[in-house]
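Notes to accompany the following structure.
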Amino acid sequence: MSNLLEVRSLHTLYGDSHVLHGVSFDIKKGQAVSLMGRNGMGKTTTLKSILGVLTPRSGQVRFQDQDLDGLPTWQRMRRDIAYVPEGRGMFHNLSVKEHLLMAARPNQRREVLWDYDRVLATFPRLQERLGNLGTQLSGGEQQMLAIGRALMTNPDLLILDEATEGLAPLIRKEIWDVIRTIKASGVSTLIVDKNIQVLEKICDHHIVLVKGRVMFEGDSQQLLTQRDEVESHLGV
Amino acid sequence: MFTNRAEKLFVWVFFPLALLMPLLLDQNTYYVNKLATILILSIFVMSLDYLVGRCGLVTLGHALFYGMGGYLFVMLAPEYEAVNFWIYTFYVLAISSVVALIVGFIVLRTSGIYMIMITLALAQMCFYFFSDSTEFGGNDGVFIYVKPETSVFGLNLFDLDNPTHFYYLCLLSLFNCLLFFKLIMRSKFGRIVDAVQENPERTTALGYNVFHFRLASYVIASALGAYAGYLFALQYGFVNPSMLSWQTSGTALVMSILGGLGTLYGAILGTLVYEGLHYGFEHLTENWLLPMGVLIILMVLAFRHGLAGYLESLLEKRK
Amino acid sequence: MSDTELVLETEALCKYWGGLKALDDLSLQFRDRQLHGIVGPNGAGKSTLLNLLCGTYSPTRGRILHKGEAIESIKPYEFSRRGIGRGFQKTNIYPSATCLENCSIAAQRRVGGSFNIFRSRHSEKLLTEMAEQALEKVGLAHRRDAVASRISYGEQRQLEIATVLATAPCVLLLDEPMAGMGHEESQLIIQLLKTLKQDYCIVLVEHDMDAVFELSDQLTVMVDGQHLITDTVDQVRDDPRVKEAYLGQGDEVI
Amino acid sequence: MDITLFLFQLMNGVQYGLLLFLIASGLTLVFGVMGILNLAHGSMYMVGAYLAWYFTNSTGSFGMAAVISAIIALLLGILIERTLIIRLYRRNHLDQVLLTIGLIFVFNALQSLLWGNDPLGVAVPAWLDGAIPLTDMIEYPVYRLFVSGLCILIAIGMYLTINRTRLGMLIRAGESNRDMVECLGVDINRLYTLVFAAGVALAAIAGIVSAPMVSVVPGMGEHVLISCFVVVVIGGMGSIKGAFVGALMVGIVDTFSSIMLPQISSMMIYILMAVVLLIRPKGLFAN
Amino acid sequence: AEPVKVGVMLPFSGVYAALGDAGRNGLKLALQQNAAQLHGREIEFLELDTEAKPERAPELASSLLDKDKADFIIGPVHSGVAMGMSKVLRNKDAIMIIPNAGAAAATGPLCAPNVFRTSFSSWQPSYPMGKVALDAGYKKVVTMSWNYGMGKESLEAFEESFTAGGGEIVKQILVPFPKTEFQPYITDIAATAPDAVFVFFAGGGAVKFVKDYNALGLSDKIPLLGAGFLTEGTLEAQGDAAEGILTTLHYADNLDNPANHKFRQDYASSFGKPADIYAVQGYDAGLLIAQAMNTLGGDISDRKALIKAMEESTIDSPRGKFTFSKAHNPVQDIYLRKVVNGENQVLSIAAQALEDPARGCKL
């Protein structure tokens, strides 16, 4: 299996404060990878550095064997990466329907796996709220919309930052199911979440960040064996 | 009181220098007058800066109060009799406060661009009222023939007909104004003013009536704006509706942004630099608009937080 | 169970958004020194309920009683003055102020003197103490002087609670305080809420079931704006309707 | 006022309102939809009028001049956005006030240097230079009807683009959260450059088509600026429909108040705006 | 000897810039042509842009007076600015010469020994039109102008002579300044159907008005009369729409006198465009200075003598010879003109040596 995403020794700073201290990891095609860590350890920063929302001081990001360094965010996303940000990124002046339609685009191979109807079928709750503005939705509905919107771009790599935050158990389960489906369809995912029990089952590969450094990296088997160590990193 | 390094530096350089200025200028009537005008404008701009920069209430109708300061005097004072300056200062402050209370009650129901526009609308109405009026000189303006005297308990402090005296009155006013605003910002009231600007929703949820704080600030700033207009009217004894025009509000806004929004002392800086450039270019070339415009554009691009911000970053680097 | 005083009460409370019944005919009772959990699927109207209870929205119909007095038509800021404090679902703090200042703003409401333009904001010891205490309680004391925008998301959530605590409320309305928090911090909040509920009436909306089950004295389940059940945790947990509508069957990952 | 006179005045009001919409349309886009506070909008209007005058004289054809001027304006818009506005998106909105006031100064100076200060006139193109007699007293110039038609076309076009197309959704989304739009793989910078340029071009087009009806004079931009903002705000930020209704309201109210309430007609559009905002603090059609 | 300092306070930017330009051009031309009369003294020009902002007028006037110690201060165009200037300059050492602003007050209640005007009072160009209208047999007239001092004074002056001769003003329309949406008013005029319309407009507004009036088809149905500014400096922009308009003014392009021929030729060759009334008025301000200096042999230090010399001078202006009234306003002929082929052509003299009543002046 070849590497889909290669992240090499990222160093990212906010002004003077050095947050990432050489983060490196790989994501293989079709893999689901979890990124865990306590609050403020640099998970979101890592994601934003990969996407080019933040400019790392040094380090490389390669996606599908191409260098992403120096490319603007939109060009990176165009190579079929999708992002569900922490805080959901709703547009206050667009309706639910418009949120989905505006994002719609086939992937680089010009396939359309996710279209408007499929997204609505996946999140029936949204169906009822099509005319509402994004910010008028309940928290969970917003989360679904954010995922749906990301799927509309037919990504090869889906990056989820705390995607199940604020979701009811039943819906959370639905989301995990969706992620499974997505994974089964060959889309890779990078998931930031705190629910280690679930991640253990869904993801093939796990990364734990502590203070901007990768403290653990391994598959679910390794995670199981080193459970205690990992949990101490996570403060469980 | 003046905690910020740049601010301290500015205050320590500006005010002593301003004190000496009439002596340095050999009491040249024009220059002293010109500087006094700048000081008056600084008061006006500072009151706007407080409103825009510290309270987040952007208005394009501040000239309403500037003009009101002038016209109130014209309306209240007898035409050929010297009145007492301090009593009329009180009148101007009191009446403009009442007006501001009413106006604020209306305009503060809206926010953002809508507030900008509704303040503009009210100021324009007032502008046209005086512009079309026959009793207040209409478009051509009115003269104030007799300047007030300034005695307190028989002690005559300033002779307003003397430019140097008038200059010191303006300087004193400006200094007090800055002090007053600093006091406010340092106070417990100021804390809530800051809070309201940054997150009104949160502040409401914490149990503050945001509207009251905004209204109080609006009244304070408007009254001081009116005071500036009152001084301006007295300086040459000429009041014209153009004091009320939106261009007056707009220019003040430009000065306060240029100076560095919300820094208060930046208002003085902004006024000084804007007027200085205006003066310089105007005497340099008839097409002064061109260099002036280009320089303004360059300054916006170069200074993230206005001149005050630039000053601060300079001091930061040296540290 | 219902031995403590009734603090907050809703009677047939309704909130409609156009045709949507976000909240329909809800009658609940919240008691002092109890933690009242509210759960329900997304969009069930939980946040709407909290928004009504703290005056952000005004109800379409129905009444809200605080210690027997109808308060549904008073001004939003007066809710807080009556001691109804609220934490938001979306983090809602003063981003450019320090953590301490965030809490000071809140504490000053109680100390008073907010229209005093002559008193320095830093002069009052009592006020600072109250703010520090609030930070202490949520475990943010070490971040006292950090600017709020620069602390992590989880910490911001903690700060949010601290801010509410600094107003010294008697009713605490919390909307998903644990969302986005790590285990350790969540644990901290759970502990905190445990202590707090000995003094306050707390209304907690949360999707973290472990926390809700552990903390709630009473638990209400809402579905689509309607009241489903209010009972003790054990009763609710085993209710088949709740399983169907909210919890789902068994483990999260099938 | 008898019924024919009333109808005439109504027609005047509608025609003025349509023209106002045209002049404000660029602002609706740049300010209402994109959220850029462009005070130099009036200057763009002025530039359009002067360009139209210049090229009408040099090419001898108004139609040709209109096309050339509109293209120049579009390029000018791209230039301004790329070099100046782009640096301000992430900064305080009020910096845009300062910048665009600087631009007003520059444009006024350039106008004076390039074209002098005398009032200039552009003749109505011959193929539109007719008039339709309405009564034995009054006739209505064909050109004005043509302009009204153009305004309606532009209004419909803008409405559909902004509200119905994916492009329009992206533009609106950008106003709400630029980063997020970029995270969906959209080149938001280029998009905004184009929209800004389109706004500038619309302002210039308004200037171009107005040129034969008005006098091309220094300061003509500043006069229309406030009216444009009034129109956009009455309608509600970001709403094309609102701007359209707002423009018609202003046009009609202004027309009738001129005749029926001359004492306060100067204040009338401000009174109108104040009343609208007091009843609906976010304008008529804000969402 | 020291150069004579001539301060120029005119609008060089904004709406009135064209008027400022023309006035200054005329002034400079006059002083250049008559350099011989200055007895070897150089002229130093100090130019300030008033931006037509009244609130800045006192400060700028003070700049010329107190800082530069100007001997003459020429300005302004705008009446509000004139008021602000006169507040500072009245009874001061410098001589103020107004080359355009018509405000009655300047040579009325506010007249002063050191304030001269080489242009007109707003009364002058409009008053004679009343008689012209009566002679043409118009009985009912609608008057219209912007709602500001100059406009209102013009309409009053017209009304004064027109109603005195038995005419009737059926409607007076005052348009808010500087609005140029004239269509509703013109429609209203059409509905009123008067014998003629008398208007005061100038500059860009005049262009717009004449175009609108023509576009709505009224120009060949209801004759348009105006104070001459309606067609001064605006004819090119107005194009055909202006043909046939009758105006009264103290000047016309084709006045047949040597001074005018020479002036127009020199002006056109110096500045590349035809002269208009604003240029003439500036020119005459220059002539006034030159002539007074000539009388005094170049020594203007005695201001009393200077004022006397100015008061007594007769200006050989392109508009014809004129003298000054007690209030320092020109006593001049007013011509009736008609626009023919894009030119203001003289039909007759509408009023001979007309003197402003100078109401309220105590000189």
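Chains here go by letter, A, B, C, D and E, matching the order in which they are written, and residues are numbered from 1 within each.
Please note the rule applied: a contact is a pair of C-beta atoms (placed from the backbone, for glycine too) under 8 Å apart; a residue touches a chain by one contact, two chains touch by 3 or more.
The chain lineup, named per UniProt: A, C = ABC transporter ATP-binding protein; B, D = ABC transporter permease.
All figures in this text were calculated on a predicted structure; none of them were measured in a lab.
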| item | value |
| --- | --- |
| Interchain contact steps from chain A to chain B (ABC transporter permease) (minimum; 1 if touching) | 2 |
| Shortest contact path, chain C to chain E, counted in steps | 2 |
| Greatest separation from chain B (ABC transporter permease) - chain, by CA centre | A |
| Between chain E and chain B (ABC transporter permease), distance of the C-alpha-averaged centres to the nearest whole Å | 37 |
| Distance between chain centroids, defined by C-alpha means - chain A, chain C (Å) | 29 |
| Centroid distance [mean C-alpha coordinates] between chain D (ABC transporter permease) and chain A, Å | 43 |
| Touching two or more other chains - residue numbers and ranges from chain C | none |
| Chain E, residues touching no fewer than two other chains | 13, 147, 176 |
| Chain-to-chain touches, reported pairwise for every pair that qualifies | A-C, A-D, B-C, B-D, B-E, D-E |
| Chain B (ABC transporter permease) to chain E touching residues, read off their complex | 28-31, 33-34, 37, 128, 131-132, 137-141, 143, 232, 235-238, 240-243, 247-248, 282, 286, 288-289 |
| Residues on chain D (ABC transporter permease) engaged by chain E in the complex (per definition of touch) | 5, 8-9, 12-13, 15-16, 108-109, 112, 116-121, 123, 131, 133, 135, 137-141, 143-144, 213-220, 223, 254-256, 258-259, 262, 265-266 |
| Of all residues in chain B (ABC transporter permease), those that touch chain D (ABC transporter permease) in their complex | 52, 58, 106, 109-111, 113-114, 117-118, 120-122, 124-125, 128-129, 131-132, 246, 250, 253-254, 257-258, 261, 287, 289-290, 292-297, 299-301, 304 |
| Interface residues, chain A side, partner chain C - complex | 14, 17, 37-41, 44, 86-87, 125, 129, 136-141, 143-144, 162, 165-173, 176-177, 194-195, 197-198, 201-202, 234-236 |
| Parts of chain A lying in touch with chain D (ABC transporter permease), wherever the complex brings them together | 51, 53, 72-75, 77-78, 82-83, 85, 89-94, 98, 101-105, 133, 149, 153 |
